[in-house]
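Two complexes, one shared chain (chain A), two partners (chain B, chain C).
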Partner chain A sequence: MSDRRIFVDYIARTEGDGAIDIVIGPNGEIKKARWEVWEPPRFFEAFLIGRKYDEIPEMVQRICGICPHGHHLAAVRAVERAMGVKVSRQTTLLRELLHYGDWLQSHTLHVYCLAVPDYLGYESVLAMAGNEELLPVVKQALSLKRLGNDISVLIQGNEIQNRTSVVGGFTSVPDGSELRKIKERLKEAKDFALATVRLAAKVASQDPYPELVRKCEHVSLRGEDRYPINEGRLVSTEGLDVPDWEYPEWLIEKHVPGCNCLHAIVKGRDSFMVGPLARVNNNFDLLSKDAQAIAREVGFSAPSFNPFHSIIARGVEITNAIDRAIELIDEIGDPVYEEPKYEIKAGEGYAVTEAARGICCHGGKIDKDGVCQAWDIVAPTSRNVYNLEKDFEYFVPKLLNLSDEELTLKCEMMIRNYDPCQSCATHSIKVNLRREG
Partner chain B sequence: MKPDLLIICCGNLYSSDDAVGLHIAWRLKKSNLPDRVQVIEAGTPGLNLLDLWEGIEKVVIVDAVMSGSGPGTIHVFDGGSLPPRDFLPLCLHGFNVIDAIDMARKLGRLPAELRIIGVEILSEEAFYEGLSPQVAAAVPTACEKVLEEAEKMLAAP
Partner chain C sequence: MAKPTIAFFKFSSCAGCQLNVLNLEPVLLDIVGAVDIRYFVMAKRENFEGPYDIGFVEGAVTSPRELMELKKIREECKILVAQGACACHGGIPSVKNFSGMTQREMEEKVYTELWDLKSFPAHGIDYYVKVDAYLKGCPMDKDEFVMLVKSALKGLNPLFRYHSVCNECKLKENNCLVLTKGIPCMGTVTAAGCGAQCPSLGRACEGCRGPASDCNAASLARTFIDLGLSRDDVVRKFRKYAGNTPEFSKGAEAV
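Entry: the complex of A and B
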C-alpha cells in the first residue's frame, strides 16, 4: 500500500511562484496538504527601514504588478495616519476610482483568462478563443480589462506603477472631460458585467462544485456608507469588528509544528479567507442595487461558504465597480489641482485596503525627520495560505474517485479560487499529489 | 503621432540572458534610427503586446529564443512562419510572445507586417543580471539585423 501524491510543480494561471504537495494515505486520509509560497514582502520590510516616508508608498507598489494600488494606497494611508495628515474629499474619491480601475482589470483577467478556462475545459484562454462562440466573449473581456487599465492611466499616468498619487493627495489631477469619456465606456460595459455574473454562476453550478462547501471565517473590510475598497472597519463572518489599524493585534501569524510557512489565524480562533467572496459576504447590503439584483438573479445568497463561488463574487464586484466608478465620476466632476500640504511628524500608523484578492495591510513607525523606523506588510495571499490547506484537507477526501489528473486540476482550481498573487520574478508553481493504497 | 514602424524589445532584466532584447533596445536607441521608427522596452508584455502595437502597421519584435541552436545565433521569423511557442520564454500567466501573436490573429488584431528577431540564449537563470559572453557578443549583429529588416519593411509599400 503506497501513498497517492498530488504534486504540481508548475501551476499555470496564477500570479507568481508556488507549489502544491498533497499526500493521501491508503484509507483516503490526508497525510500532508501543503501550498508553498515564496514571500517577497519580507525583503521590502527590511529595506524600507531608513527610507523617507514618501518613498514607502512609491516602493511598496512595486511588490506587485497586478495589485499595485492596493499596496500603494494602504501605505499612503498608514503614513498619513502616522503623521496626522488629512486629505480632501476629492483625493478620497480619486483614490477610490483609481483602485476600482485596478479591480476591473484584475477581476476581468482572473475570471476570463485564469478561471473560466478551467470550468469550460480549456487549457487556456488562448484555446478558448479558438471556439467561435467564445471568441466574442474573449474580445469583450479584453476590452473591459483595457478599460480598467485606462482608468489607471488617466488618473495616474501609468497602467501599473502610479506616478501622481502621493502622501497628502495627487501631484496632478485628470481632466473632467476625459473622466466623462471613461464614464460612457463604463456604461457600455455594464451589460457585459451582468453577463459575466451569469456565466460565472453557470460554470460554478456544474458538479461537483455546489457540494464543496466549507464553513470558515471570512475576513474583510466593512464600509461605513459604501462598499469597502480603500477604507473601512475590519470585520468577519464570526463577529470580528475592529478599526482597521488594529489588524496587527487581531490577525496573527503563527508557526505550526512540522510546517515551514507561517499560518494566519484570527486571534483566539482559526484560519480565515480574504478576498471577493469574504467582501461580498460581509458587505452584500453595500453593493450597488444592480450588483445585488444580479447576485439574487443567479441564486447567490450571502453568506456563501463555497469557495468556488469566488468567481461569482468577482463578477458581482465587476458590476459593482462599474456602478460605483460611474457615481464617483459624477461626484468628482471637474477636479482641481490641490497642493498636498502637511507637516512631517513622528508617529505610528497602520491601514488596510482591499486589494482585488483581499485585505492588504501596511503600517509602521516614522521618526521626527520622516524616516521609516519599522514597516509591516501583509499581502492578502499570505492570509489565505493556511485556509487553502484546510480546503485541501476537507475537499480532497470527497474527490478521491477522480483520476489523478482530474484531482490535480481540482486542487489547482481550489488555489485559483483565491486568485493568489504570489508576485515574484519567476513563473513556476508546483502541485504534487500522492495517494497511498 | 504613431510611428510607421515599431520595434518592441522584450526581456526580463533580472533573468540573465532573457534580457538580451533590452540590451538590443539600448543599443538601438543610441544608433541612427530611420525617421518615424520607435523602439520600446516592453519587459515581458504578454497580452499587452496587442495594445502596444494598436494602430501600427509594421512591427518588429525582439526576444530571446531557446531552440537548441548555439548561443548568439540570430533567427528571423515573420508573421507567416512563427517558431513553436516553446522556443520563446514564458511571460506572466504562462503567456508568451507567440501566444500573444496567436491571440491577436484570432482577434483580428495582427499588424499588417510582423517580424520577430530572436537571439538564441544560453541561460534564463532568475535573479541574475548580465548576459553570457556569447549572447553579449551577438548584440551588435542582432541590432544590424533588426535595422536591416526595418529598412526592408519601411521600403515596402
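Entry: the complex of A and C
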C-alpha cells in the first residue's frame, strides 16, 4: 500500500495564503502534518527600525486587515509603556469599545462567512444566500457585521485602519448621541447573537466533532475585573499567571529537529492554543451574565478542549461583546476631546492585547528622539501553528474512514477553528516558506 | 448582457482591501447578484480559472512567485485594477525599500532560516504590467470600488479624482491643520477621493493615497522643515505609502 496524501495548496476562507500538507502511511500513521504559510514576508520588524514612535501603531495595524485593532492597540500600549505615557479613563474605555467593534465584525465574519458554510455544506456564504431559507440569516449576519464596523467608523473614522487613535489618546472623539444610537442597535442585535450561539452549538454537535477532543494548554489574557480585550495578565489552563509584558520570557519559540519552522511553546512545556476558546476557558466567570447563561443553555462547559467548540466560543463572545459595549457606552456618556499630551522619552515597553483570534504581542525600544531601535511582533496565528499541527496528528488517524475529499474538508475546518491570519503569521513566525521557482 | 466575471487576487498585503469588499454589507448581496465572482479565495471554496472580465489585485509584488502570477493575471483579465495602496504604489511593504538596510540584513533581523527566502524590493503592480484603474488608499475606499463596478456594468469610464485631499478638506470647511496648528499634513500633495477622512478627524493626512496630479512635494518638504521637522522626519513622511513614486521621491530628496 502506498502513502495517502492530503494536500491543499491555497486554503480558502481564511485570511492570507496558506497550505496543508499531510502524508499518511499505509498503517494509518501520520508521516507528515504541516500547515505551511507561504505568504511572502514583509519585514515589519526590520523596517520599523529607524521609524518614529507614532508610526509604529500606524504601520503595524497594516500587518492584518482583519485584526488591525489588536495590533494597533498592543503597539500603542507598548509605546506608552516605553515612554511612560498615562492615558485617561475615557481613552481606556473608548479603546475597549473600539476593539469590541472589531471583535463583532471579525467574529461575525468568521462564524457566518468563513466557518458555518462548511458545516451546512456550502462553498461560501454567497452560496448560502442563494437558499431562500438561509437568506434571512445571511442578511442578519451582514447587519451584525455592519454594526461592528459602524462602531469602528464612529470612533476612528474607518472600518479597518485607525484614523483617530494615537499614542496618548484620540485626535477626535465621537458624539455621545451617535454612541447612544449604536446602543439601540446593539440591544436589537442581542437576540441574533443568542441565536448565533445556538446555531454554533448545533453545527458543532454533528458527528464526528464532539469526539475530537485534545487536551492542550490554553493561553490568554485574564482581566482583573472585566473580560480581557486590551489588557490583563497572561494566564493559562496549566497555571501560567504573569504580567503581560513578560510575554517574551514565557512564550518562546524553539527549533524542532527535522523541521524548518520554529515552534511556539510555553517555557518548559509544550504547544498551546490562543483565541476565543482559550479566552472563554480562562475567563468564563468574567463573561456577561447573559453570555454565561447562553453558554450553559447550549451545554458548553469551561474548560473545553474541543477545538471545534471555538465557533461556540465566538458566539458567546459576540453576546459578551454586545453586553459589554452597551455598558461601555453608558459609562462613556458624552465624550469630551482631550488633547493627547506626553513627552518623548527613551524606554522599552511590551504589551499584549487580545485580537479576535488570540493574544497579540508587541514591544521594543525607543530612543530619546522617539526613534524605534527594535520592535518585536508575535501575532496570534504564529502561536497556533504548532498546536494545529498536533491537532492534525491526533485527529486525522480518527478520520481515516472518510474519503479524501471529506478528510480534506475536515483538515481545512481544523485550520479554520483557529480563524487564522496568515498575513499576520508570516512576518513573525519563522515559517517554512514554500520553495519558490 | 452576461454578468461580468470578476476575480480577486492577493499579493504582499494585509487582506484589508479584500475585507473592505465584504465590508459593503448593505449592498454586498446586490453586487454579488450583478456580477459573477469566479475567484475569491478569501471568501469562497470553489474558485475557477480565468479568463475574467475584471481582475482586482491587492498587495505589492515582492517575490518571484508573485511576479510570475501577476503576468499571468494580466493576460487573463480584460480590465486589471490595482486595489489599495500596496498594489497602487507599493504601500507599507515598500517602506523596506528605504530602510537603509540590504535585503539580506533585513532577512537576518526577522528570520533565522534564510535558505528559502526570495524577496525583492516592493513595488506596485504597474511597475511590471499595464494597469487599467487604480483604487487608491489604505485601505481602498469601498465607495470608489462600488463606483468602479457600476461604471463597468454600464460600460462607462469611472470618474476618479486627481486633485488633492486639500480640496476635499476645504469643501468640508475644516480648519487647516497646517495653518492653524502647525501639524505636518500631507493633504496638499495627496490624491483626493477619501473625503479628507483623516484631517476631518484632527489627524494629519499621511499620504496613503499617493501623489495628486501636479503636486509640489518639494515645496511641502520645505514647509515641513519650517514647521520644525528634522530632515529625517521629512524623509519618513514621503517614504511611507508611496515612497516609490517620482513625485514623493522629490519631496524626500528636497531637504
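Here, the second predicted complex is superposed on the first by the 418 of 437 C-alpha atoms of A that agree within 3 Å, B and C clash if a C-alpha of one lies under 4 Å from a C-alpha of the other, contacts with A are read in each partner's own complex, and residues count from 1 in each chain.
By definition in this document, a residue touches a chain if its C-beta (ideal position, glycine included) is under 8 Å from a C-beta of that chain, and two chains touch if they have at least 3 such contacts.
Predicted model only: the values in this text are computed from it and were never measured.
When both complexes are superposed on chain A, chain B and chain C occupy overlapping space and clash.
Looking at the shared chain after the overlay, A:Ser88 reaches neither chain B nor chain C.
Between chain B and chain C, it is C that contacts the larger number of residues in chain A. Of the two partner chains placed by the overlay, chain B and chain C both lie in contact with A:Ser124. Of the two partner chains placed by superposition, A:Ser205 touches none, neither chain B nor chain C.
Look at A:Gln140: by the touch rule set out above, it reaches neither chain B nor chain C. Once chain A of one complex is fitted onto chain A of the other, the partner contacts of A:Pro68 are limited to chain C, with no touch recorded for chain B. Of 5-13, 113-121 or 203-211, the segment of chain C whose C-alpha atoms clash with chain B in the superposed model is 5-13. Residues 12-15, 65, 113, 124-126, 129, 138-139, 142, 146, 149, 159, 427 of chain A lie in contact with chain B in one complex and with chain C in the other. Those residues of chain A lying in contact with chain C across their complex are 10, 12-17, 39-47, 49-52, 55, 58-59, 62-66, 68, 105, 109, 113, 117, 123-127, 129, 138-139, 142-143, 145-146, 149, 156-161, 163-164, 166, 171-172, 260-262, 371, 423, 427-428, 430, 432-437. Looking at the complex, you find that chain C touches chain A at residues 10-20, 22-23, 25-26, 28-29, 32, 37, 41-47, 62-66, 91-93, 95-96, 99-101, 105-107, 109-113, 115-119, 122, 138-139, 142, 197-198, 200-203, 206, 232-233, 236, 240. Residues 12-15, 65, 113-114, 124-126, 129-130, 135, 138-139, 142, 146, 149, 159, 425-427 of chain A are the ones touching chain B in the complex. If you check the complex, the residues on chain B that touch chain A are 12, 14-15, 47-48, 50-51, 90-95, 99, 102-103, 106-107, 126-127.
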